[in-house]
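Both of the next two complexes hold chain A, though its partner changes from chain B to chain C.
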Partner chain A sequence: MPSLPPGVNRKDFQDAISQFQAAVGKEWVFTSDEDIDLYRDSYSPFWNEPEDPMPSAALAPDGVEQVQQIVRIANKYRIPLWTVSTGKNLAYGGSAPRLSGSVVLDLKRMNRILEVNDRNHYALVEPGVSYFDLYRYTQEKGLNVFIDAPDPGWGSPVGNTLDRGGGHTPLRDHFSTLCGMEVVLTSGDVVRTGMGALPNSHTWQQYKYGFGPYVDGIFTQSNYGIVTKMGVWLYPMPEMRFTGTVSVPKHDDLIPMVDTLSYLMNSNIVLGTTSIASSLRARARDPELIALRSKPGGATTPELEEYLRGKNLPYWSIELPFYGPTEVVPAQWAFAKRKFSAIPGVQFRDGASNKLPPSPEDLAKVANPVPLGVPSLAIFSALGTNGVGHIDFSPITPMTGEAVFEMMDVFDKVSNEMGIDNVLSVIAGTYYPRSFFFLFTFPIVHDVEKNRKTRAAFKRLVEVGAEHGWGEYRTHLAFMDDVANAYSFNNHALLRLHETLKDALDPNGILAPGKSGIWPKHMRKRRV
Partner chain B sequence: MRQCSRRIFLKCGLGACSASALIPPLSARPVMPYYKAVFDERFEDARAFATQATARATRTVAIRGDVTNPFFNDLDLRWKLGPIWLIGFTTSASLFCLHLLARDRGMRLRFCRTKPNLKAVLGVLDGALPRERMRMDLPSSNPSDLLLWILAPSARASAKEISNA
Partner chain C sequence: MAETYEKAARMSRTCLLIALLLPLSGRAFAEEPQAERGREVYQKWCTPCHGTGLGKPGTSAAAAHGVKPAVLEQRTDLTPKMIETAVRKGVYFMPRFRKTEISNADLAAIIAYLAHK
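What follows is the complex of A and B.
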């Protein structure tokens, strides 16, 4: 039997369910164990523990009017709602709520593509539209737009943008592509932001800011409203994508290498996600390297450089992605090579060159087509089930070589201290402009003790990261309080502001209690 | 020996007798109304499973771990018409992806067994289903272990499905 929402008695809950059924139709209110099970987190770090969040019910409205009715009923009975779009936020909680007993508001039926404009390159979509849906629509209509999908294409542009996810191509910072939203507030009022507030406007998806305070950001990673429509900018279909690899031989070469990368990215010459590859990390299991590192005093940097030189391997390398016209991309690569040539011993290698949109033959040759603007499940198909799932610690650091050294040094110390295996899967990724993103991927298994150890290690990394000024960009439900508490400047002034907004916009605290560490007033004692 | 007898095949297991030419068709018609049989062609046992499915007139679709192509080019379109019976012999990761997608279309994991022997495979292909319904937890298994599974319309799938709304 699913748990009741906290503080709600069974009679009120049943009354609320009856009213939800009247609002959305009986068949779209889910209360059976079989149905509720589907909203649990497949990658839960609380597998088989009482803390594993379990919803009490789920609702699937098909339009904004039904969402309005739902929030009014939820307010009447103080029912906490947890909104999901396609519900595929794996590694961050899936479709499970932060608070057990919440009713999941499943927006998959709101899956209308309202407009895709390939003259000004944008889309207006509902939350249940997936990247696959949007891609199919653009293909069927032959539209001249290029989609930036996150690694799994089953997510939604609305959901991923609201969680400030990232992709691989020029528009990889998804929040930066947001242009206008429609939001249902807990009062049942419907707000359109930006130019959407101007009746008869034709620029809702073209000019972000409208007039007055710009509020779109407060509806991301938050629990202040339910987004029912969103505009997202798309990229005009580029003519080609090309990658070129830059390799440097010495440890300290990383500093000028990153400075040059920063220059090229901030100049909009390198336009896509890349990350730094370390030959030492790649060869961590080589017995020769293990022996070198195990000698008294450990290996010195010159010894490691010599080891790599003997293997004809660089110390560091970066694969640079370029998107654009066929005349321009080679010139950009030539310019990049000129800039990197200031580093002694630098080497260059041409990589893949793909005409866009890719032909079926080209697609068949690539392991992951996402950087070519084609949504895919390739990466998740190679990962594990909920028996071998994962959660990710993903701090943001400065875009400097020194920051990379510091991060890797600190992480190695914490790993040794906590007995963590090598879980560093992305070194200095460029998913977001002007900063680096690291990804530490922890496996989730069907073993309570191992998961407890993982949670402890994760929390330790949050603490250590905060000591060094590294905060997570997004986190799993289980760590939202920890991460929110790390952003503690001036006695948690930002969290107090978030709570002030929460109290004003959602006085009964019905929307996503605990999302991003923001609890309604009557639940704040829950905060870690 | 050109053909492998059913008895020898059962005794030897899937891998011992997997070439399609060696397996006689057992029936001209599908026993269960499977829309497709999904198999991971990287594995000999899965290829043998596909041969058996074909012998029962069930159309097969080959993958190599990634389920994107069958999902995007086939299943996603078919699911818009309603839930279906789907059988597969794949890794757990491939099943995980298909299961997550299928359940949004009114389907549930009806059966799942890790590293089944041939008797179990043939039994399932011939229509022997366990009575118990699976919950959402897929078995925790080695990522390279093969699973025999069935996705089927949910109990409430005869009503409207989300995708058809």
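What follows is the complex of A and C.
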């Protein structure tokens, strides 16, 4: 029998379940062990441990009115609700709650694409719509829009935007594409933000801000309301995508290389996700390199440069993505080459060139079509064939070469201390504008001891990152308190503000207790 | 609870091993309409990972484990139990699928489709 929500007795829980059934229909209230098991985190770092979070039930409403009824019932019985959209937030908790005993509010059935406009390039969707669904819809209707999907396409524009996820193309910072939302508050009241608050407006998805305080941000990575509709901006279909690779021979070349990258990205010339590639990282398991590094005193920078020169390899390289008109993209690449040419010894290589939208023949030749605007699950190919999951440590770091040196040095030391492998890490990605994004992937396995070691290493990385001013942009359920705790300026003033908002908007603390380290007042002692 | 999970995981692994090692002779009988519905559900939910061509991690993982053929639709040895266990318990990186994603009726249709081939 599933566990009860904390502080709720069995009779009240059963009464609440009966009322939930009346609200959404019996078949959409899941209470059996077998059904509830489907909501556990498939990639849980607590596999086979008692801390693995389990819901007490799950509810699947089909519309905003049912969501209103659910929050009213939950408020009456003080039932904690944990909302998921498509429930595929894998590596961050999947469809599992932060607090065991929560009732999962599964919005997958709310999967209506309400509008896709290819004259002004936006979509209005419900939470259960996946990127695959949206792509199929635009293909079937022949719409002139380009979708930026995160790596796995089974997530939803609503859920990924609310978790401030990122993609690969010009509109990769998904929060920046948010334009208007509908939110059910814990009172059951329905709020529309921005121009959606103006009853006769036709600009809900065209102007973000409306009038007065801009509140959309407080409903992201938070537990203040349940988002039931969202507008997202889409990109007009570009004519082409092209990649060109820039390579430099010396260690210190990274500094001007990143400065130039920053200039090009902030000028909207390079428009997409890329990352710094290190030939040394790629060859970390080469016995010759291992021997060089193992000699007394370690390898010097000139020795490493010489090693790479002998292999005809650059020290650093970066693949630049360009999107745009066929006349403009070659000019952008030419301009980028001119800017990078200030670095002695720089080399350039033309990469893939794809017309957009890609033809079926072109798609068949591409291992991962996400940068071409086509949602996919290809990313899972990068995770090997024997693992059962992964979690990611992903701090935001400055976009400078000096910061990359420091970050690699610090994280390599922690990796060595903790005995963890960092070969899968992305050193400095541009999933978001203006900063770098480090991605350290930990495999999750069905081995309690190994997962404990992974959790300890993860927590250590959070601590060390915070000491250097590098904070995570998003994290797995298991580390939400740790990460929130690291954002500690002025005696945790930001977290205290979050808690003030929590107490005002959700006085009974029924929405997603513990999300992003924000606990309701009666559970606040749980905070680290 | 942990015991239940361990048991489920063990069952999942066992079924995968069966899938790898034991071509089964039995085939579920399926009526055409259900198989056709199953094809549609399969295309939506399974093809992104288990289809043909590049960027299909389920197919490449099966190939890496020596499963032949690696594309699920080309298999003739899949039993209803194996398919149900994979969908509801997950296998390796493949997570569980909830009933709001793949309903029991959808799952039956997938089984009919794969068994009908």
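Basically, the second predicted complex is superposed on the first by the 519 of 528 C-alpha atoms of A that agree within 3 Å, B and C clash if a C-alpha of one lies under 4 Å from a C-alpha of the other, contacts with A are read in each partner's own complex, and residues count from 1 in each chain.
In the analysis below, a residue touches a chain if its C-beta (ideal position, glycine included) is under 8 Å from a C-beta of that chain, and two chains touch if they have at least 3 such contacts.
Just so it is clear, the structure is predicted and the values come from calculations on it, not from any experiment.
Of the two partner chains placed by superposition, A:Pro358 touches none, neither chain B nor chain C.
When both complexes are overlaid on chain A, the residue A:Phe132 reaches chain B and chain C alike. By the touch criterion stated above, A:Asp62 is placed in contact with chain B alone, chain C being left untouched. In the superposed model, A:Trp154 makes contact with both chain B and chain C. Ranked by how many residues of chain A each touches, chain B and chain C are led by C. By the touch criterion stated above, A:His446 is placed in contact with chain B and with chain C alike. When the two structures are aligned on the shared chain, A:Pro395 is found in touch with neither chain B nor chain C.
By the touch criterion defined above, A:Leu377 reaches both chain B and chain C.
Across the two superposed structures, the residue set of chain A contacted by chain B and also by chain C is 34-35, 37-38, 40, 42, 60, 86-88, 108-109, 132, 153-154, 376-378, 380-381, 383, 385-388, 446. Contacts from chain B toward chain A in the complex involve residues 63, 65-68, 71-72, 76, 92-97, 100-101, 103-104, 108, 133, 135-141, 143, 154-156, 159-160, 162, 165. Put simply, chain A touches chain C in their complex at residues 3, 28, 30, 33-35, 37-40, 42-43, 47-50, 52, 54, 58, 60, 86-88, 90, 94-95, 106, 108-109, 128, 132, 153-154, 364-369, 376-381, 383, 385-389, 446. Put simply, chain A touches chain B in their complex at residues 27, 34-35, 37-38, 40, 42, 60, 62, 86-88, 108-109, 132, 136, 153-154, 375-378, 380-388, 445-446.
Chain C contributes residues 1-2, 4-6, 8-9, 44, 48-49, 53-58, 60-61, 64-65, 88, 90, 92-93, 95-101 to its touches with chain A in the complex.
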